[in-house]
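Here chain A shows up in two complexes: once beside chain B, once beside chain C.
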Partner chain A sequence: MRPNRSEEPAHWPLHIFVLLMVLITVYPILWVVTIAFSGGQSLAITNVPANATFGERLRAIVPWPAHVSATNFVSLFRDQPFARWLLNSVVVAGMTTILGVALACTAAYAFSRFRFPGRRVGLMAFLVSQMFPGTLMLIPLFIILVQWLKLGSTFTGLVLIYTVTAIPFCVWMMKGYFDTIPKELEESALIDGASQATIFFRIILPLAKPAVAVTALFSFMTGWNEFIQAATFMNREDMYTGPVGLRFFVGGFSQQWGYFAAGSIVAAIPVMALFLFLQKYLVSGLTAGAVKG
Partner chain B sequence: MADVILEGIKKSYGAVTVIEHLDLDIRDQEFMVLVGPSGCGKSTALRMIAGLEEITGGTLSIGGRVVNDVPPKDRDIAMVFQSYALYPHMTVRENLEFGLKIRQTPRAEMDRRVREAAEILGIAELLARKPKQLSGGQRQRVAVGRAIVRKPSVFLFDEPLSNLDAKLRVQMRAEISKLQKTLKTTTVYVTHDQIEAMTMGHRIAVMRSGQLQQVGTPLEVYEQPANLFVASFIGTPPMNFVPATFTDGGATVTASGFKMPVPEPFRAASAGRDGAKVVLGIRPENVREASREGGGETVRVTAKVEFVEPLGHEVIVHGRVGDELIVAKVDPHRSPRIGSTIDLMIEVGAAHLFDAATEKRLGS
Partner chain C sequence: MAAQAQLVSHRRRFLIGLALAALLGAWLGAALLAGSQQAERRDRAERRALVTLSSLTAVLDRTSGGSTQEAAPTETAQAPAASPGTEGGMGLGAEIAAAEQGQAPTSADARGEAVRKAVERFAAAHPEVGAIRVVEFEGILLAASTAPSDRGAKAAPRRLERDEKPLYDLGQRLRAAVEGNRQGAEGAARQPEIGVARQPNGVLILTAPVERGGEVIGMVQMETRAVPEPAAFAWLPFLAAWLAPVLGLLLLSFALGEKRWLLAGAAALVLILDLFLYGRYALQVLAAERRASTQAVAAQIGEESKKAETLLADLSLSPNKPAGQPLAPTLWDVDLFRQSRGLIDASGAPSEGRLGELAGADAGRMTRSVAVLALVSLALLAFVGLGWAVRTGTALVEYRVAYAYTLPASLGMLVLVFFPFFYGIALSFTNANIYNTDKSIFETFVGLQNYIDIITDFHVAHRTAEGLVWDYHNFYYTFLFTVIWTVCNVAIGVSLGLLLALILNLRGFALKPIYRVLLILPWATPNYITSLIFKGMFHSQFGVINQILEMLGGHAVAWFNRPFTSFLAVLTTNGWLSFPFMMVISLGALQSIPADLYEAARVDGASRWQQFRSITLPSLKPALVPAIILSVIWTFNQFNVIYLVSAGEPGGSTEILITQSYKLAFEQYRYGYAAAYSAIIFLILLAYGTWQNKVTGATEAIG
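And now, the complex of A and B:
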């Protein structure tokens, strides 16, 4: 039975609170959008005079451009090598995703189902590796990758780093999911005549789609968003990734905030698209009905 | 078609031995039920036959071929799991076809077998559904269907009915029995339910803590239980056990509340063993009210009624005879009151005697 409406606490304070929170969250993003569409490179949208009126001050903090223009976006691709940088990011993040998912799935399956010497140690090692900040690894990685392997300013080098960065989390995540898939399914398939490979590809992986989706998303974002290592290992301008390129607009002597904002928006689109695309796989409960419900 | 022979089968997990030494001869076309309390090693034995569990010692042969080291897929068996283990991402049809596809059965043959199985089990309308869209009973049928489409030479069932409600269980019990009669496929069926064992099995193998207690037809196991454990496990309500001693030079047996002649089959074992301690076993169905007519030799005892369970078609009476509690099945129309005394007749010919020390049936 629902309680009488009049006895329920009023909803409007909650709504106001939520609205306030949304505003706080969205405000900085609105600024980025505003600057991107302002057509200029400045961080401010109006000049505030020395003795400004209240209206003028208010105008300065409302994120709305004086005139809307897409020139920043056009120029980003026409006058700046941003397309090239984005393409680099797509290659690096895409390769990281493919390699990361493939390795994480197979490794996690082994950790979940097989008992072998070094299993516990291996799992612990993955966990421990997550305790150190990535920057700590910068110098050793530089020595190994650039000086020994001569992989500075190459896709291979960066993909290698990103994949090994993403794998520990992905393995733990996938292992946790594999652990929930009933063993009887595999035993049943085994009796049906399936090989280990058939069981993995036709039974386990289809059931683990939600976990694979999360793993893919995580691997992609690792490659797509990372800045410090990309900035360290990609020395040639034509090998910059998206984030390094963005930094190029506002670092050193240039202050092209308009390009920076427009670039950030463009760079956010693929991740958002991927989220939407993978959303339907992210629903759990795919194993419902396997065993007695 | 094949027989399954277990010779000195042993199973240990590291230092823990679950099955010490199991000898079991399952004949071709036989419906063998492995029954026993939880944790006695029934599933372990079945999984060793399936090849899902490694055999620590002994030999296992199926159809005259030693299969200790043969992988499950080459043993020509099919198994139905307690949890059904249907592939959740496949439709019913795909579930049924999975094993056939892997074995590269031609399309036409595959369709024929799936149709046949679906008709036998009454799941023809469900072929396009996913397992999660099925009821428990329907899932159970699909699981059975997946086993029969393969036409294996041995069926293995691990408590396939324990997840169903009571009514459905009775129905599926009959259906699986009928199916086995039609297909004539050797079947090993694991259950902890003695009624399933009695009603379904051609023969029953009773197990306890990894040891085989008795193998025989349901009637043999019921009428001549090999020891106290089997006697107590088979039959509801369980057999009454009364500590007793031989008297009169082994011609009679005396318990705390009564004395009765030693039944004919045990005479040879009791002769001259005056004073030997035994356990007298009497099934509740062999204790009736004195007023009811019946043939055979009986002894009359007086019982003080302590507890009454009316079941509709019969009434179970728990009565105190001497120091012992005796359970009897009596006429539903004359249910006694608690605290009253009734006269009961014990059928001498149906009594069992067990050695008090070894717990084995006397004279066996």
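And now, the complex of A and C:
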């Protein structure tokens, strides 16, 4: 049907507003790209003289480097151990994703489909655990993982922590999605003689693909973007993850903004790409459980 | 139902329960006892080795000439001074006097020769001692060594080699410890003055400083075999502690019959009595061990002092002559701070008073252990005896598929989330800090002190000449700031997000997909990167935000020098990264509203505002409310933005609770206090969650 044009408000003021928001959104990202390709370590795009003209001042904020150069990227991988740190992040985030998705899917399925003693308590406990302050957990976790289990500076220790960090949110989201899948599908499959495992792997999981994608994305981002725990548990420099390494460039007295910017781009591109690619699923996954109410 | 109740035998249940509970209690108790026994024996071996080390340093002091300090300084409070002449340096006068007697070494070379001879003789007299190395710091010299690797070209005296640097560093650490302890302030943590390294094959490597005239001039390292005597597991008491209560209850149950609560009481009593008696027994075993240790050490001292005297006589150094200082072997039983333990009295016999004190301390610890054991065992007894075990078992079998599906995730959560959480809560009742990490929770217990300190500190602000000054480290200030921070952020996030979502949901809005992707970018950017970017952009000198201000004719702002501008900076950062989440959530919910609802409303003549009020908002609620709750909790705990952008500057004024507690733990190392601080944060969030849940019923989906 054709919308009644006269009822719609004019769009151009809204476009101005949205464009302004887009500018604010995009500018910091362009700024990083500029610094990364400037070939230097300074945080200014250009040097502003003491009595600068308006033009010179304008030039200083335009996100385009004075000289375009990729030397920051080259020496990031050649002179700095960034490749190693990135590889560590890949391993940790990848293992977190696999483990997180597997655990969240199975647990959420049980919470959605079965009624068993401890179900309410379990769901509530998962929710409440989200409120545990990270700093309250950090000291005991350090004692358990590093002193008792001797898992300091290992992938295993970090992956375990990240997985349990991601699980509660993933379980709740998957449960919400499973709830929307009609039970009749399983009942008819049961009548056809399918086993419990067949139903789960062949019927439910394929239907829940969007939610699985979101869970995977969430688990991956948990592992890829986390830095406090990584900084606490990874003491050896060759076991640093990407975030800890990036903080290394501009933390404390270090002011290597060029390396930081170049490294940020390299570290952020995979997650941003994944995120934008999967965002359709993300929206439907996030809202599916909630809208249904 | 009645027929089923007949089948249940309370007697059998309680007997099985008691058998299991007593097994658990007796086994844990026996394991704990064996552990302490083992520890005591290891300690004993170590103490004997330390006596040998003390003897060695005493001999070295006398042969190297000049030093009067033995491994045990004689000024310790608990030990009676052995003789008045043992304090202070020998001094030049004494050295000259000794030289005149023609006995003491007259030059450094001769002295080195004497040290080497003494070390060799000492090693010969002690078959259990593997290698002795003496290092002088002056000239980084290996003065003497009996190590097999230091023969031929590498024989002492020689300079230490590059790969022996750890040895030299260890010596320097000990020197620093000695000097630090000597001038140490009241209450400062003392550093051990003797290095102990345990090799897997039972060899101890002990390192002690060598002093001359009250100054540490070198070190001596001794390798010695110190294998603790193995302690056999005491099977008989363990079996008695396990089976005796079961037998007792069996006999009692003939009298009691099937009366459930009588049986429960009897079983509990028997169990507690059993554990109490086992505790008494364990106490006696430990006391015997301690006595045996002290006797062994006393014997070792007697033997060592004889050997030392013979050795000194052999080296034609009368033990009493050079500086008029007799050996003080009763002080050779030292701890790692080179203080006498006071367990050997002046006559060389075990000191009953000190042993009694130790036994008292043991009794206190034992009472606590028995109480914990009793609680655990009683829980097991009740679990089995009252039939909960059977019910749990039935449920486990009946719902085994469901439990199998949830097991992996639940197990992970239990071990790595809930257990650490409760451990953290336990820590909050202690004054644990970086200096007492080796102590158990019971030893550092301070009760509610941390909580009281935090909550009753009302010095939020004080008046000065310049007006009201906030105390930024006060809990209530930080709490207030955190609330303002959260409210502002969520308000910005929700209003911007909802507004953009409504615009992007307009039918026929041009470039919709492009806008959407661009506006989602902040959510996709890792927030630690965002934080570091904004930290750079808010830089007072080179930051691009100040350059924009200057371009527009304003002045550069030192953002992190004033609380308000610093707050604006962190607020901008968090606003930038948090609005897309709300936008996406709202957009998703808006798109799922059926278009015919609006159609029908238009047909009924509803205005746009009425449509928004009665259709859009109610449809948004189920998606938006959980999102807001999540967002409140996330923002409340938004560590990265505060920590990386403002770092609490200026002066901790922009610290939120979570970053404050992190700094308490990892910059001030007050673990217990920080844990209490975090526990309070948790309570605040829990109260908020409960209230929010009541108001909105957000978790009713649990169903």
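By definition in this document, the second predicted complex is superposed on the first by the 263 of 293 C-alpha atoms of A that agree within 3 Å, B and C clash if a C-alpha of one lies under 4 Å from a C-alpha of the other, contacts with A are read in each partner's own complex, and residues count from 1 in each chain.
Everything below uses one rule, namely that a residue touches a chain if its C-beta (ideal position, glycine included) is under 8 Å from a C-beta of that chain, and two chains touch if they have at least 3 such contacts.
As the structure is a prediction and not an experimental result, all values here were calculated from the model.
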First, second, both or neither for A:124, with chain B first and chain C second: second
First (chain B), second (chain C), both or neither touched by A:206: first
Contacts of A:16 with chain B and chain C, given as first, second, both or neither: neither
Touching partner for A:31 - first (chain B), second (chain C), both, neither: second
First, second, both or neither for A:163, with chain B first and chain C second: second
Chain B versus chain C as contact partner of A:275, first or second or both or neither: second
Dominant contact partner of chain A by residue count, chain C or chain B: C
Which superposed partner A:189 touches (first chain B, second chain C, both, neither): first
Common ground on chain A, meaning residues reached by chain C in one complex and by chain B in the other: 286-287, 289-293
Residues of chain A defined as touching chain B within the complex: 182, 184-185, 187-194, 198, 203, 206-207, 286-293
Of all residues in chain B, those that touch chain A in their complex: 50-52, 71-73, 77-79, 81, 83-89, 98-99, 102-103, 130-134, 136, 139, 146, 150, 163
Chain C contact footprint on chain A (complex, rising order): 3, 7-8, 11, 14-15, 17-18, 21-22, 24-26, 28-29, 31-32, 35, 42-45, 48, 54, 57-58, 60-61, 102-104, 106-107, 109-111, 114, 116-117, 119-120, 122-141, 143-144, 160-161, 163-164, 167-168, 171, 176, 179, 196, 221, 224-225, 227-228, 232, 243, 246-247, 250, 257, 260, 264, 267-268, 271-272, 275-276, 279, 282-284, 286-287, 289-293
Chain C to chain A touching residues, read off their complex: 395, 399, 401-403, 405-406, 408-410, 412-413, 415-421, 423-425, 427, 496, 500, 503-504, 506-510, 515, 517-530, 532-537, 539, 542-544, 547-548, 550-551, 576, 584-585, 587-589, 592, 608, 619, 622-623, 626-627, 633, 637, 639-640, 643-644, 657-658, 661-662, 665-666, 671, 674-675, 678-679, 681-682, 685-686, 689, 699, 701-702
